Amino acid sequence: MSVPPLPNVMVEKLVRAALNEDLGRAGDITTDAIVPASTRAETALVARQKGVVAGLDLALLAFRLLDPAIEAAIERPDGSPLAPGDVIATIAGPARGILAAERVALNFLCHLSGIASATASVVEAVRGHRARICCTRKTMPGLRAVQKYAIRVGGGFNHRFGLDDAVLIKDNHIAVAGGIKPAVERARAAVGHLVKIELEVDTLAQLEEALGLGVDALLLDNMSVEEMRRAVGMVDRRAITEASGGITPTTAPAVAATGVDLISIGWLTHSVRVLDIGLDYRGELRLRR
Amino acid sequence: MSVPPLPNVMVEKLVRAALNEDLGRAGDITTDAIVPASTRAETALVARQKGVVAGLDLALLAFRLLDPAIEAAIERPDGSPLAPGDVIATIAGPARGILAAERVALNFLCHLSGIASATASVVEAVRGHRARICCTRKTMPGLRAVQKYAIRVGGGFNHRFGLDDAVLIKDNHIAVAGGIKPAVERARAAVGHLVKIELEVDTLAQLEEALGLGVDALLLDNMSVEEMRRAVGMVDRRAITEASGGITPTTAPAVAATGVDLISIGWLTHSVRVLDIGLDYRGELRLRR
Amino acid sequence: MSVPPLPNVMVEKLVRAALNEDLGRAGDITTDAIVPASTRAETALVARQKGVVAGLDLALLAFRLLDPAIEAAIERPDGSPLAPGDVIATIAGPARGILAAERVALNFLCHLSGIASATASVVEAVRGHRARICCTRKTMPGLRAVQKYAIRVGGGFNHRFGLDDAVLIKDNHIAVAGGIKPAVERARAAVGHLVKIELEVDTLAQLEEALGLGVDALLLDNMSVEEMRRAVGMVDRRAITEASGGITPTTAPAVAATGVDLISIGWLTHSVRVLDIGLDYRGELRLRR
Amino acid sequence: MSVPPLPNVMVEKLVRAALNEDLGRAGDITTDAIVPASTRAETALVARQKGVVAGLDLALLAFRLLDPAIEAAIERPDGSPLAPGDVIATIAGPARGILAAERVALNFLCHLSGIASATASVVEAVRGHRARICCTRKTMPGLRAVQKYAIRVGGGFNHRFGLDDAVLIKDNHIAVAGGIKPAVERARAAVGHLVKIELEVDTLAQLEEALGLGVDALLLDNMSVEEMRRAVGMVDRRAITEASGGITPTTAPAVAATGVDLISIGWLTHSVRVLDIGLDYRGELRLRR
Amino acid sequence: MSVPPLPNVMVEKLVRAALNEDLGRAGDITTDAIVPASTRAETALVARQKGVVAGLDLALLAFRLLDPAIEAAIERPDGSPLAPGDVIATIAGPARGILAAERVALNFLCHLSGIASATASVVEAVRGHRARICCTRKTMPGLRAVQKYAIRVGGGFNHRFGLDDAVLIKDNHIAVAGGIKPAVERARAAVGHLVKIELEVDTLAQLEEALGLGVDALLLDNMSVEEMRRAVGMVDRRAITEASGGITPTTAPAVAATGVDLISIGWLTHSVRVLDIGLDYRGELRLRR
Amino acid sequence: MSVPPLPNVMVEKLVRAALNEDLGRAGDITTDAIVPASTRAETALVARQKGVVAGLDLALLAFRLLDPAIEAAIERPDGSPLAPGDVIATIAGPARGILAAERVALNFLCHLSGIASATASVVEAVRGHRARICCTRKTMPGLRAVQKYAIRVGGGFNHRFGLDDAVLIKDNHIAVAGGIKPAVERARAAVGHLVKIELEVDTLAQLEEALGLGVDALLLDNMSVEEMRRAVGMVDRRAITEASGGITPTTAPAVAATGVDLISIGWLTHSVRVLDIGLDYRGELRLRR
């Protein structure tokens, strides 16, 4: 099933800013000097490696905002698996606009597809286990909403979107509060009825203390696989269990095998590699009319 | 020698946006519920791995914008080499503000230090050669100015900042213009006297054709090391030569040994890993007054 | 216990916009024409009716943004009860700035104090019952974060901050999904582990169907007090129960007596009356230096 | 006669901001999870109480900005009288977009219709008298232009739009200037030829002093009805007379009977109740193509 | 008497935008490369020609936003007459910041001083006559508030600030309305009590028709001096008379001698020459501490 | 050959801001009161003097943003020569929108056409010489990109767009660096390979010192014509030579005759006169359908 797209009103400002960041104060001086205004081109967004497409709407919006006369035909919408050579979409219209928007469109598309693809590979690695893959707040400044969207496209789930939509009690909070119990109680007293509370525990002793406080989720931070397994047993589905700490596609299956509900992975948004996608020039378009 | 910082007026909007992206519509509900307003903390930004620091000003600005009462003492400014455990700066003041700004500060600092560190490692790999390391326009939307700054901090140089500050003639431009010569001539006729012209060539035949057109720089795209060497010889310092195409710290020395002037690397900004830096809690501060 | 304030970085843009909305393209032409630049005044924000103060930080920020030389001494911070004549804060400094910012400061302060006061009166009305008072998404465009903050100041709790931080399944969703069960199941499958699910039910029959689906909260919409009482019994604390539908301070006690966990009230943010607060002129200040 | 609408360019930023305030960082997660992308719905904006519609353009813009495929048919444009059950407009198209924009659209529509309706009721109350009803600068931050528009829709008139478009001399100005006369003279000397001057007087003695200074309007602040009557006689149409101070639909006729030209009412914008308007779901639309 | 300055909150956004327009994506690369961070300079804003200073606050804000460590001492505030060589202010502090902000500061200062100086020269030319000099809406996009401020600094007065703060009925309005009378009547019926009505007349016949309609002001458009004199006589102070149409310092005295109340001049804002002001380098500052 | 237009995405924000600056908080109250919503008008943008058109896209965008129903037919696109009476474009549609956008559209069009026309006149004055005419950074705050575009439309070339796209070493830099040589060397060491270096020299002695340092361009600042001639000889095409300092159409030919490559002129952007263009009303349009 496809992931619902973000409405344009949520991303248009971002795409406009990215275009203006690239166009600067004079626009695409290379293309403007060399390519006549009347030249029309047909191009295609083509995958150069295996992966999952994400961010196509933003890429197409970049072309359209640069020149509304540019038209796109989508072949593989967000969420589609990609093999090298696969055409994601064809882009046709005034060549100047296509060339001027190309880099911005690709910067969105390659980065977000990179996130979706990496997410999908970890999701695939833990298939058969109950563990969902999710992201963190370790995102690129300004890009959180679209990065988290790409996580969903890759089959992952989202953790908190910000500091305001759920409680996550960490070691420093516990230290200041003087213990796990007062920390949890203060949080519960303060927040609304639709806010969940998650607690980070670093040891099984802490976990023991946490059980019975009725938190919604427990973040097992940097535990060994064996500790995690024991932790999952101790929790016994009374709360969501989340594994965290440098988990990779290679280590994920063992972590998932502990029975945790969630595996959260920061590098999916802070250190992911782009998916290699290019804009292939297919030739000049003959006059449309 | 240290790299000049970007003035705050260039980055304040970005940092404010990142803070609001994280604070959302209710702020840090966890910290607000658990940490009393009067609690003051002393913390330190500490490197967890080897690298080069970049983005400290943005990180400190995040803390200061969250609460002007937060004070910082810089130990290792941008450009400093880092070993695991090194303190970059100490941050002290109202604990709520420190905890609320922590993630945003780290998101800037870890990402930009990641860029600087990766740049520095490639710069180191080609030491002794004339080749400079430079970046591309494959940047994160909205972050170009700060990413390119981090490249400089790492000892690299900047390529174009956008479509408007230099001419870079690529294959599609050549195709539309009907050849290298008309493309270069059109560009030269159009642009101002402070704009340089670079031409991408994919083959030595193209290079042959390009020589004599007086372009400022030649981008040797995806050539083999042997081709590059011959290209450098053909150019014979009459223009800047730039090597491009999937170059890594491992392959960089061989590329540099061809005598090229520049090696441009896209992954430094589009696929770089963060440098692991954390905010260590050192304890509650006793009352200042 | 006092409610944590919103950091300035969350509200500064709003206050700046409000000032510029009032200053227009020429500023305060009356004051500029009549009041000399050197005149300094001492003034006080004074309550003219009983209530609870909220929004003082925004009001003071308005004065400070208009002229940083304006100084304030807070007498009754947000959350303080007010009797007629109570001084909330004294504001002293250049008279031009004080007069120019007065209306914007009061517009924030009177509106937000109005919300806090109304909230407090309903909270008081249900004292002794378990029911918490909460708000809705029926807010003034652009003011949601500060209105919801004022609800907390008044002793209330916040419902969803937007469409993105919790699931609230309403009649239209059920109609489209073809029933309560598929609607709940689709939601649960899609959202992250920190997202709660609330379901609106209009009848006890719907409630019957809903029990067993494990939703976190049930919104009893426009039920009679008798129906609500039965609903609370049927739920038996297996989920949060929320009463909704035109509840006033007068009707609230009966609703609370049904044992519901929450009473949500739209008019607290969409139709509330201001609290009457004025800026009293206490005379010209003698030269400070 | 209908009131000219505000051009979209004046309100689009406001509507976009309101949508993003509600959509947050993930959009409408409930609707996205439950309602398929292909579902199309027909809905209607329906009045639930008597009043006057205002703000329909903003509501429709909210739907259209969320999804340009949403179509609207206007039945009762701004200024139309409403009876319970009256359809204001039908809204049809992709169900996801309609549901996601619903709350923002209604927040604008119900608030602005509330202002127009309240204004109309006071206008009606003083029918037969010369008194016009007008608003103040006691508006919701950020919403002044649209609130003042709603006043006009309800048959009212606008007072100053800000500090910059007319002079209004109040008690503090008089105190600083050392009297009514110097205050008026300073103002007249400073402002342009298209700026009118209004003076607030609290007593008939002040009014006596003011007459002969040639101000354009006199604000009779918090006077008794009897005082107002005498004031109107004293002014004898040599200036506009404005009555101000806690006037309600009930007290308005007596105030109007004094012969004042204007009655200004702050609560029309700062404490008005919404008009109850809902979005009724009329069923799923069959495929358009 | 000095003209009240615009509060910073009204101009800060403009100055920030101007700085970022100049700094682009890399800042002042010349200064950053050549001038050490530790170099401190003392400089002075010096008039190179006769005139009147305006915009100093914006210039100083530019320096301060670039680097808060830059300090200024004002010698000749806005409104001061300038002779060649006069020091307007001294600017001292980090040399990098001073050089980076110099152009933006001067662009504001020279342009606004140009307006003030030109205004003052026309004001001087009509001294002894009743005529005030005023501006129009023919302003530079985005700069209206500051340009109109500079007009005031030069001793001029402001016409409308926009389409919304006064009625100005022109020939096209009259044509559509079917005559002067219906046009004026429609306007009077629609607008609030603080809005003045001005009517443009091109001939004495039109003026004849206009008298008796009670408009506040009459714009005598492109009339000959003789026609204007007759027009002023016909109006006989029953309304403000405004002369308009290509008036220069040379022609202004004859126009003023007709007895008109106002002379409005578009070129003061749309075609004015800068006042030549430079930033003189006075030498490196010795260490302050 | 026509100059490539700036894409709308680069200028839309500017045009929107200009419209809102003029519309204020109430819109065009004159037109709204007098002109019925159903009135449609046909108008034409007509040149009143000789010149070159520039900025037509911005003017048309202003009309379209005010009301999308306004239609334009372009007769003379940017770059076209204009004689008095020439029609630039016809504008037809709802009369209210046309009248409300008129001033903003003309403010852009007249100013930018003024720049293009002045540029063209200087370009014409030096025809036959090698000298190109170029602009400076002495631009109106916020308008640099469009002003520099107008320079190109007039046949001129652009100098730096900001502080970041080329190095321009001036006297203060040389003073701080302790000489021309260290200044140039520091700059060369710091900047990327696509950044050119220009050096300002005030005397032939400085020029002598500069030759051999390999800078790309030499700015001959305020030299006499005779000095310039000798300077050009000394440089002998080894670098670009740029003449600067108060050059007018009258003095330009003599300067050009020295053989300089470039003549840069600040007044083209900071002190240019508008080109007189008006919007002529051609009558009411009959119903379109």
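Order of writing sets the labels: A, B, C, D, E and F. Residues in every chain begin at 1.
Just so we're on the same page, a contact is a pair of C-beta atoms (placed from the backbone, for glycine too) under 8 Å apart; a residue touches a chain by one contact, two chains touch by 3 or more.
Worth saying up front: this structure is predicted, and the values here are computed from it rather than measured.
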Worksheet item: What's the overlap between the neighbours of chain B and those of chain E?
Response: A, C, D, F
Practice prompt. Tally the contacting C-beta pairs at the C-F interface and at the A-F interface, and name the larger one.
Written response: A-F
Worksheet item: Using the average of all C-alpha atoms in each chain as its centre, how far is it in Å between chain A and chain D?
Response: 43
Worksheet entry | Geometric centre distance via CA averages, chain B-chain A, whole Å | 22
Worksheet, complete the sentence: So, in whole Å, the Cα centroid of chain A is separated from that of chain E by 50
Fill in: Between chain B and chain F, centroid-to-centroid distance (C-alpha), Å
33
Worksheet, complete the sentence: Check: chain B positions touching at least 2 other chains come out as 21, 23-27, 32-33, 100, 144-145, 158, 161-162, 164-165, 191, 195
Practice prompt. Considering only which chains touch which, label the overall pattern as line, ring, star, complete or other.
Written response: complete
Worksheet item: Inside the complex, what are the residues of chain A that reach chain E?
Response: 21, 24-25
Response to the item:
As the complex stands, chain B meets chain F at residues 132, 134, 157-161, 164-166, 191-196, 198, 216-217, 240, 242, 261-262
Worksheet item: What part of chain B is in contact with chain E in the complex they form?
Response: 2, 4, 6-7, 9-10, 144-145, 148-149, 158, 161-162, 165
Worksheet item: Of all residues in chain D, which touch chain A in the complex?
Response: 16, 19-20, 23-27, 32-33, 37, 65-67, 96-97, 100
Worksheet item: Considering the complex alone, what residue numbers of chain F touch chain E?
Response: 14-15, 17-18, 21-36, 39, 41, 95, 99-100, 103-104, 106-108, 110-111, 114, 137-145, 161-173, 175-177, 183, 186-187, 189-191, 195, 267, 270-274, 281, 284
